[in-house]
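To start, the structure itself, in structure tokens.
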Amino acid sequence: MGLSMARNLLLAGHEVSVYNRTRDKAEALKGDGARIAGSPAEAAHGSDAVLSMLADDQAVADVTFGEQGIAAGLSPGAAHISQSTISLAMARKLAEEHAKSRQIYLSAPVFGRPEAAAAKKLIVVAAGDGKAVARFQPVFEAIGRQTFVAGEEAWQANAVKVGGNFMIVSVIEAFGEAFAMMRKAGIEPHLFLDVMNELFASPLYKNYGGSVVGGVFEPAGFVLKLGLKDVGLVLEASKELTVPMPFASILRDHCLSAMANGQAEMDLSSLALVAARNAGLPVPGKS
Amino acid sequence: MGLSMARNLLLAGHEVSVYNRTRDKAEALKGDGARIAGSPAEAAHGSDAVLSMLADDQAVADVTFGEQGIAAGLSPGAAHISQSTISLAMARKLAEEHAKSRQIYLSAPVFGRPEAAAAKKLIVVAAGDGKAVARFQPVFEAIGRQTFVAGEEAWQANAVKVGGNFMIVSVIEAFGEAFAMMRKAGIEPHLFLDVMNELFASPLYKNYGGSVVGGVFEPAGFVLKLGLKDVGLVLEASKELTVPMPFASILRDHCLSAMANGQAEMDLSSLALVAARNAGLPVPGKS
Amino acid sequence: MGLSMARNLLLAGHEVSVYNRTRDKAEALKGDGARIAGSPAEAAHGSDAVLSMLADDQAVADVTFGEQGIAAGLSPGAAHISQSTISLAMARKLAEEHAKSRQIYLSAPVFGRPEAAAAKKLIVVAAGDGKAVARFQPVFEAIGRQTFVAGEEAWQANAVKVGGNFMIVSVIEAFGEAFAMMRKAGIEPHLFLDVMNELFASPLYKNYGGSVVGGVFEPAGFVLKLGLKDVGLVLEASKELTVPMPFASILRDHCLSAMANGQAEMDLSSLALVAARNAGLPVPGKS
Amino acid sequence: MGLSMARNLLLAGHEVSVYNRTRDKAEALKGDGARIAGSPAEAAHGSDAVLSMLADDQAVADVTFGEQGIAAGLSPGAAHISQSTISLAMARKLAEEHAKSRQIYLSAPVFGRPEAAAAKKLIVVAAGDGKAVARFQPVFEAIGRQTFVAGEEAWQANAVKVGGNFMIVSVIEAFGEAFAMMRKAGIEPHLFLDVMNELFASPLYKNYGGSVVGGVFEPAGFVLKLGLKDVGLVLEASKELTVPMPFASILRDHCLSAMANGQAEMDLSSLALVAARNAGLPVPGKS
């Protein structure tokens, strides 16, 4: 993701320093005109903004607050724009800590798979101080097809991202249950998928529904254990905001069941196997 | 629904006799060239096929097996094409009973609101004897934009319809939970809906999400108590086919909660109020 | 059940005519002083009250409304006391129909296994016209250890019975989930059961928990498919009374999963295998 | 809790130093022969064992690892016996850290309300090194009515405690749903409770069922927000051990709904109000 985003920033004419723990990955951008930084602090030094795209809360905290972290290198008035899928609590902590050094913090998580990042088709959801969001609009435009502004608090963008992930995983579960019914009714799953594609006319349904019906869950585009992480963020947010979300609870229980039955490294769409197994249908996977 | 479908059949050049319990509704089609029948039997008499579009199992049974019912008027080799949303069990019973009189029975339920019916944009899912389905293909083409064939058993079309309804109501529930989260996060629901529309790019999401956000649940396009009926058909099918469907169970519990809190005659999209109420949010409705 | 109850009525000094579809079963009571009836109507003829104990709604309807049924034999002012576990709707129908013939109808379902019936230790929950309930108090005392009066409407006794069954099956599910956790924590299930027995000090926990831990589900004391029937009655009542019951919904889904995985004829306590299977634990059963 | 436990230790003839953040609470034990310590470290200094009984993970970590914490005062070969309801992860961390200083760590959480602690009727579940558990058996006997040994890993005792809490809160939820049904059926809740008491014959059912029926949720014996904490520990354990627990998920969602509807400081038994509210029943509480 980060690689494609950096390349698109360069293509849009921005000066870009890149840092990656695996230096080789960063080096790949040299030909595109990127400067290679030896640490997050070095990448931040003298920059208007640092964009971070990392796996989880811990990784963002490490890269931000470490001795050679972003916060150590960033000038007052410059911004840390976090694009990772992180918890609302971590976004709030980042905002607080950067504010102490008069640095700006924005959350700007994205929707879209790596292919979308490469094609500059990400959906960006930004939040934080309105003037700062406006100031960095060209950055968002360089990496995505559309930018939405969620609010004046950075963590609100993360709430939208977490809510969107919830909507997506719910579709996979619904497909899983419906396909289990179709299979037990002797109906060709492809037929049901065709009807749903005609009904919903959504590329997202087409992709996820197709993955479930295809039944090839390895190698994974997005591993199930990361799906469980995302569902965990939904539940964390639901607790913090005091919002019961029974669909999310089922997503969690079914992700756990998938994990317990050997699907951790399979694609998230293999979540549908849980409904199939519960219906007594034969499923591929560990034996 | 039935009115629009009959009109489209006439427009396509078919000869049509219409019967409605409320004769006035049938009379409305006289100008379009329809013959008015005094009973289902009379409508069936001499026809190649009778299409029925009714509220529920009981209504279909009454119209089919009554003294002046379809079965009494239909010739051997002619067909009863049931387009209602009925249970798998009722479809099987209809198939059995018509077979006894050497009549053909097909299920051909449709997806689409009345506007779609008027615009000839219904999605038709047909099932039953393959030769009969092929024979009546022109009928399906006259009323819908596309026809899918679910299988050789008529009830399989009803399983697809029931499964599709499950997918739709699941979207409303997911929206309800996500919007409750957004509201408690101080995020404008419209903003979240815009992001979801960009993400899913589905007209169906746009419509249902828009209804939920709009918050005007009366007058209803499709009343919640009929939504509960549809969810009941899902659960009936899930039991019969022995398929646990935890999402469907939640849909049922939330429809019941909506009913118990005075929403029976509100639009089905008001299902989202249940999640809001559970999150302690103020909701419109009975006080 | 019926046999033990009839014997206890005889022991208490009542005159008893017995009818069973399998006449041999009835004959077994001859030595205890019972008169053998050739039909429900004959058993009802001249009696103050007819007690029926049958498998389900259909069986009660057949025995009551058939040509040689209870209603045909019962005198005005005499009572039909239904002790079966039936739906609230069926209880209402029985009350209405008997009222038409000026016969009394009471519901008096019982809690207790066959051993409890033999030992006169059933718990009786009676409902219906107060004077009639009082009049037949000696009958209830003859078969049970305690009688509770649920209300003036016969079906209210069935609601209590259905609610009690819900409480019991919920315990089995809770045990199933907790034991799955213990097993994955490497904790001896017996140890957890011992703690729970000390904590709840309930013979019912001891029995059901012991069955789950014992892991011998065949031959069954009470088959799982009948448990699903009972859960179905809970859900029917919850719909009719408009009460969402998410625990009951899970019981239904897990009973279905058990059925789909070959446990229909196993003991109801094998419901716990569903939680174990979902946790990826090895379970006995069909391979 | 701690006060009663310390008093029982003194009564059993043990020498006891007590520490409490609120020194006055500790002083209350002076008359019973306790020595008052100025810090956890001081209480630990020279003792064979330190028993800690605190609110949550954070409190235990503070008291153990602070500068004047237990770990700083405890001699090699002496033991920290944690009786708090904490996470499995925290128990593992405590075991690891104490091991580094060649100190013993045991988990020995308890079941029982303060009254049970005062009456020496707690149920103790101990785990950790077998020899150490045996060595401190007299301590457990001094405070409880029975001690169970869960395993050789300290955290296993916490798993049993967490599992037991799950069983208890499940009973409250089941009661909530059943009582909602009874109320809508016009059945006196006391009647249903009487039947359940006869059926389950469990003091715990009597207490919790009685609290729900009583409907007086303030002042609280055990506040609902602490119940949510306990349910959170169940879910944490279920995730770590990869065990889907759908009942626990519902407990979480309903605790959240209760919190969102102003019940945080009410008694945990007010969880039953969620089922009542979902059934459209009038409930006491915030207006």
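Here the chain labels run A, B, C and D in written order, and each chain numbers its own residues starting at 1.
In this section, a residue touches a chain if its C-beta (ideal position, glycine included) is under 8 Å from a C-beta of that chain, and two chains touch if they have at least 3 such contacts.
Note that the structure is predicted; figures quoted are calculated from it, not measured.
Colleague: Quick check: more C-beta contact pairs at C-D or at A-D?
Modeller: C-D
Colleague: Between chain C and chain A, is it the same set of residue numbers doing the touching on each side, over half shared, or a different set?
Modeller: Since more than half of the residue numbers are used by both chains, the interface counts as same.
Colleague: Using mean CA coordinates as chain centres, what's the gap between chain A and chain D in Å?
Modeller: The answer is 38 Å.
Colleague: Express in whole angstrom the distance between the two chain centres, defined as the mean CA positions of chain A and chain C.
Modeller: Computed from C-alpha means, the inter-chain centre distance equals 52 Å.
Colleague: Going by the contact rule already set, what residues in chain A reach two or more other chains?
Modeller: Residues 238, 242-246, 250, 253-254, 256-257, 259-260, 278-280 of chain A each touch two or more of the other chains.
Colleague: Which of the residues in chain C end up touching chain D in this complex?
Modeller: 88, 111, 123, 125, 146, 148-151, 153, 155-156, 159-160, 162-164, 166-168, 170-171, 173-175, 177-178, 180-182, 184-188, 191-192, 194-196, 198-205, 237-238, 241-248, 250, 254, 275, 278-280
Colleague: Using the touch rule from the top, collect the residues of chain D that touch chain B in their complex.
Modeller: It comes out as residues 246, 253, 256-257, 259-262, 274, 277-281.
Colleague: Once bound in the complex, which stretches of chain D touch chain A?
Modeller: Its residues touching chain A are 232, 238-239, 242-246, 249-250, 252-254, 256-257, 259-260.
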